[in-house]
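Same chain, two partners: chain A is paired with chain B first, then with chain C.
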Partner chain A sequence: MKPILGARILRNLPTTLLYILVAVLFVLPLWWAAVSSFRPNDVIFRDLFPFSLRALLPQPFTLDAYVAVFQKGFGSIIANTMLVAGLTMILGLIVNGAAGFAFAVFDFRYKKTILSIVVISFMLPFEAIAMPLYTVVQQLGWIDRVVALIVPSVANGLAIFLFYQFFQQVPKDYYEAARLEGAGMLRILWSIYIPLSMPTCISAGLMLFIFQWEAFLWPLLAMPAQEFKVIQVGMASFQEQYTTAWNELFGVAVITALIPIVLLLPLQKFYVQGLAGSGIKG
Partner chain B sequence: MQDRKLLTVAILLGPALLGLVIFRVYPIVLAFFESFFTTLRGERQFAGLGNYALLFSDSAFWHSLWVTLWFNLIINPLQVGLALILALMFVQKRPGIGFYRFLFLIPIGVSLPTAVIIWRIMLLPDGLVNGLLGTIGVEPVRFLTSPSFALYSIIAIATWKGISYWMIFIVGGLQNISPEIYEAARLEGATPFQRLWLITLPLLKPTLLFVLVADVTINFLLFAPIFMITQGGPRGSTNVLMYEAYKSGFAFGDMGRAMAIVVCLVAILLVIVALQFRLLNGRANQGDAA
Partner chain C sequence: MSGLKLNNVTKSFGEVHVIHGVDLEIADGEFVVFVGPSGCGKSTLMRLIAGLETVSDGSIAIGGKDVTHVDPAKRGVAMVFQSYALFPHMTVAENIGFGMRVNKVPKDVARQKLAKAAQTLQLENLLGRKPSQLSGGQRQRVAIGRAIVREPGVFLFDEPLSNLDAELRVQMRVELAALHANLKSTMIYVTHDQVEAMTLADKIVVLRAGRIEQIGSPLELYDDPDNLFVAGFLGSPKMNFFPATIGDGSVAKLDHYPTSIDLAVGQPPARGHKVIVGYRPEHFAAKGKAALSLGIDAVEHLGSTTFAYARQAGGEPIAIELREGRAAKTGEALTTYFDPKHVRLFDGTTGNRIR
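Up next is the complex of A and B:
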């Protein structure tokens, strides 16, 4: 048995090396960033020429970078983003959930046409309309106001579609039966459809949250005064302001990446399901 | 009764449709409309096709268009190809695969601007990448400030960030292929390469087409890395149309030109997407006939 195992390991060596190589490519930048964010700024580049593995160890260890980052107001940027993303998520779930429900349960004129407009609207990325959207928001007088970040992102074609797909699978009998028992519309929604749709709510909610967390171009255009900064723009302007505070830049990057990763890890399954839902369309 | 139902539908659909119309449909109409106007000394004037005429006689526009096309010609096949390889690695059953799968998914949680911040420091002349290259005797490369490297560095950064995301779709497609087909092929004595070429890829084509189309639309509109690292430079080598439009509208205040570029961008995008569907469907039909 033993020699065969040895031969197998040898035969698998190229594939194993490939896996390790890919893993290193994915992890190394984040590892270096995380480690360097715990080091004093002047030692980060010290062990690179000639390269020594000490460059990848958090020594000497210090929390200075994180202290500095929060002293420079990064905490309020995180809070701002949480507010924008959280409100978008809550409003988005209500608005898009209701629309998906209407598409799935009722028959009405032009339903197909309206539904196809919804689908087309999510195939065109937000970036394509960001610049003309600026003009729209300007006409509304919302430039430099927080509503400009939230309201345009609430209605979301993909979220509507996810809810539509889900509610379609719920047997219509439930609805008819509850209706016969005299339950009102809200009652039916609240006690039948919402509890059933929890997984879809999580998928769509995550999608809306991550969309806002990662938004860059739109907050950049909509908030030119930069008094209310959200995280990606805040990070970019941090880079502009503190060009050579490498450890602080890494700290900012680590914080910005960590929050969605922590959120995604336990809910990974739902996020992937949401993506898969959008893939079915294609 | 009928009226009540209609009212319910209107209440449920209203907010979402209103949002989509005002913030998705109307901006597109507006972009088209505004591209026929220009602002002269603070006065808004109808310019007809003036913005387009100026644009098409401007060598900066043609250069930017060329950069955009070249950028996309490289990045899209690269990303889809690598995402496919990654997906094939992802679905294998081998020791420690759970751990690898976790690592492969990490860049999804990292936003593009975050990836840009980290990679910009990685790629500095005295950064980690040059440090590692130094161990095999390569002289430090100016990845982000040399006209011959900057565009490719941006491609590398966007690819690092992007392929995990596209991989998820392809993994979904792979899992939809029934294992019995592979079993049958194995009994027929097909090599792993034959199985990939004759079974996996043809069955995966709808998924790959979707990923390609979605990837092209995203990369045609790529903005953050160029804004954060090169600002279109060095010597215009990374000046994609999206950045050119941003510069026109928001640095030089020429919204008419910006809108004209956006309209061109969306038009090119539509043509490419239509072509891709055509091409891939056409090939599918040939395959069926053969």
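Up next is the complex of A and C:
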């Protein structure tokens, strides 16, 4: 068996090397950024031009950048973003879940048309609605208020569609059986549809959370005073006009990337399940 | 417990008329079976009674109260679905107790009811399980349990046994009959299986294309059908139908066989009138006046009895029950006899019974 195994390794060697090369190409800049956040600012570029492998090692190791970042108030920026993203997620699950339930269970006029509009709405790039949305929010007097960050993001076409698709697969018999038992619509949604759709709830919740986590343009527009900063805007502010503390910027980037990853990893199974649309076992 | 009265109940889905003015009265405590081929509207009629569909016209009264526009939950009915509709994320106990939780039944009362239902249905050891961990028959019992604890005036069963295997179906049939004897509630049961209808019902309602064809006790319908449809629907193998023409002196001459049968009907049709002679397989006799000679095409030995089948020229196959038929073989000639008192005569064009 051994020669055959050896031959196989030899035959696969070029492709394996290619894969490794591609992987390194993708990972290297991230690695460099992460490592650089643990180095003093003045050495980051020293090992890059001319390039030395030392640029990829956290040496000399220091946590100065992280200390500085939190001293400059990054902790409250994280808290702000958590608040905005968390509230959006909770409200979004309620609103989008209820909307998906309505589309899946009730029959009403122009249902298909309305559903199509909802589906199309999530395909529109945000840039396309940024200005009209700004006008609306301004008319409401919400500029520079936290509510301006949350409310426009609560209703989400994709989340509604996810719920609609899942709820449609729930046998109508469950709904009717519960109706006969005397359960009202909200009770049926809460006691039967929601528990059955945990993967969808988790997918939709994470999606809403990540949309807010990644939001940059809207928080910039809606909060011109910048007294309440969210994470993407906060990150940008670490890059100043004349000087940039690169190690701090990288530190901020690492934290910003890490938080959703930490949230996503344990729930990944559900996330994929929810998006792929899971079947119901009777 | 309550009786039920349907008055000219009509249901249309858009242009499609599913139920055409059904009038029906069901006494308190009766076990009524709606039977008919698929698409006859029997399930729709049950859903109208449950309130899961709204009537297009007419009225429904349960226990003397008009419930035509009453919410399904307030009609005093409980329904067992064909799919059982057990909530997959709830245990057996939670499934059975769901309605009581919704309706805020005091906890100790709910516990008592649950225990009693579990005991009646032998579910005591399964209360902690999820539906996916139960067999088909157990799921069925849980669904019935959920209905029982509501203590409804009327139980509705929508083809409850159709997802079970043959053996279990017979067993559950017996259990349902026992349950009815025990609870003495009004029960309405929808099925397309005429054996279930015959064995369970106090009263059978035969439906076709949204109309009631006949209402009566199982044996009434079996022995005295009003029309060809009812005659052909109940009984297995079904009643044989021979096209015939009325001859002189109230005699029916079979069209495809040289056989004349003296008719025992009150008002025989005029000479030359086209009729259908209906005759059940088990009524063929070993001797008599009107002989029927045919060649056997197929034989079914059921052990206790034997059925011989013959093809009728231009018509449906003929089934003949042979009580002493163990020796019968395919290809043999067979002569059997009609007994006029068992002949059921139907009009050749309308299919209505001629009595």
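We take it that the second predicted complex is superposed on the first by the 258 of 282 C-alpha atoms of A that agree within 3 Å, B and C clash if a C-alpha of one lies under 4 Å from a C-alpha of the other, contacts with A are read in each partner's own complex, and residues count from 1 in each chain.
The definition used in the following text is that contacts are C-beta pairs under 8 Å (C-beta built on N, C-alpha and C of every residue); 3 or more make two chains touch, one makes a residue touch a chain.
Not measured: the values here are computed from a predicted model.
Enquirer: In the superposition on chain A, see if there is space for chain B and chain C together, and answer fit or clash.
Expert: After superposition on chain A, chain B vs chain C: fit, no clash.
Enquirer: With the two complexes superposed on chain A, say which partner A:98 touches: chain B (first), chain C (second), both, or neither.
Expert: Once the two structures are laid over each other on A, A:98 reaches chain B alone.
Enquirer: Have a look and say if chain B or chain C is in touch with more residues of chain A.
Expert: So, of the two partners, B touches more residues of chain A.
Enquirer: Look at A:178 in the shared chain and tell me whether it touches chain B only, chain C only, both, or neither; answer first, second, both or neither.
Expert: second
Enquirer: Tell me the contact category for A:61 with respect to chain B and chain C: first, second, both or neither.
Expert: A:61 sits against neither chain B nor chain C.
Enquirer: Go through the superposed model and pick first if A:190 touches only chain B, second if only chain C, both, or neither.
Expert: A:190 sits against neither chain B nor chain C.
Enquirer: With the two complexes superposed on chain A, say which partner A:239 touches: chain B (first), chain C (second), both, or neither.
Expert: After superposition on chain A, A:239 lies in contact with chain B alone.
Enquirer: Treating the CA centre of chain A as the corner point, state the angle out to chain B and chain C, nearest 10°.
Expert: Taking chain A as the apex, chain B and chain C sit 100 degrees apart.
Enquirer: Taking the superposed arrangement, what is the smallest distance in Å from a C-alpha atom of chain B to one of chain C?
Expert: 7
Enquirer: Intersection of chain A residues contacting chain B with those contacting chain C?
Expert: Shared contact residues on chain A (touching chain B in one complex, chain C in the other): 281-282.
Enquirer: For a test of understanding, state which residues of chain A touch chain B in their complex under the given definition.
Expert: Touching chain B: residues 12, 15, 18-19, 22-23, 25-30, 32-33, 45, 48-51, 55, 95-96, 98-99, 101-103, 106, 108, 114, 117-118, 121, 123-125, 127-129, 131-136, 151-155, 157, 160, 185, 213-214, 216-217, 220-221, 232, 235-236, 239, 246, 249-250, 252-253, 256-257, 260-261, 264, 268, 272, 275-276, 279, 281-282 of chain A.
Enquirer: Mind pulling up the chain C residues that touch chain A in the complex?
Expert: On the chain C side, the touching residues are 50-52, 72-74, 77-79, 81-83, 85-89, 98-99, 102-103, 131-132, 146, 150.
Enquirer: Would you mind writing out the residues of chain B in touch with chain A in their complex?
Expert: 5-6, 8-9, 11-13, 15-20, 22-28, 30-31, 34, 86, 89, 94, 100, 103-115, 117-122, 126-128, 130-132, 134-135, 160, 164-165, 168-169, 172-173, 206-207, 209-211, 213-214, 217-218, 221, 223-224, 227-228, 242, 245-246, 249-250, 255, 258-259, 262, 265-266, 269
Enquirer: Sort out for me which residues of chain A touch chain C in the complex.
Expert: 171, 173-174, 176-183, 187, 191-192, 195-196, 280-282
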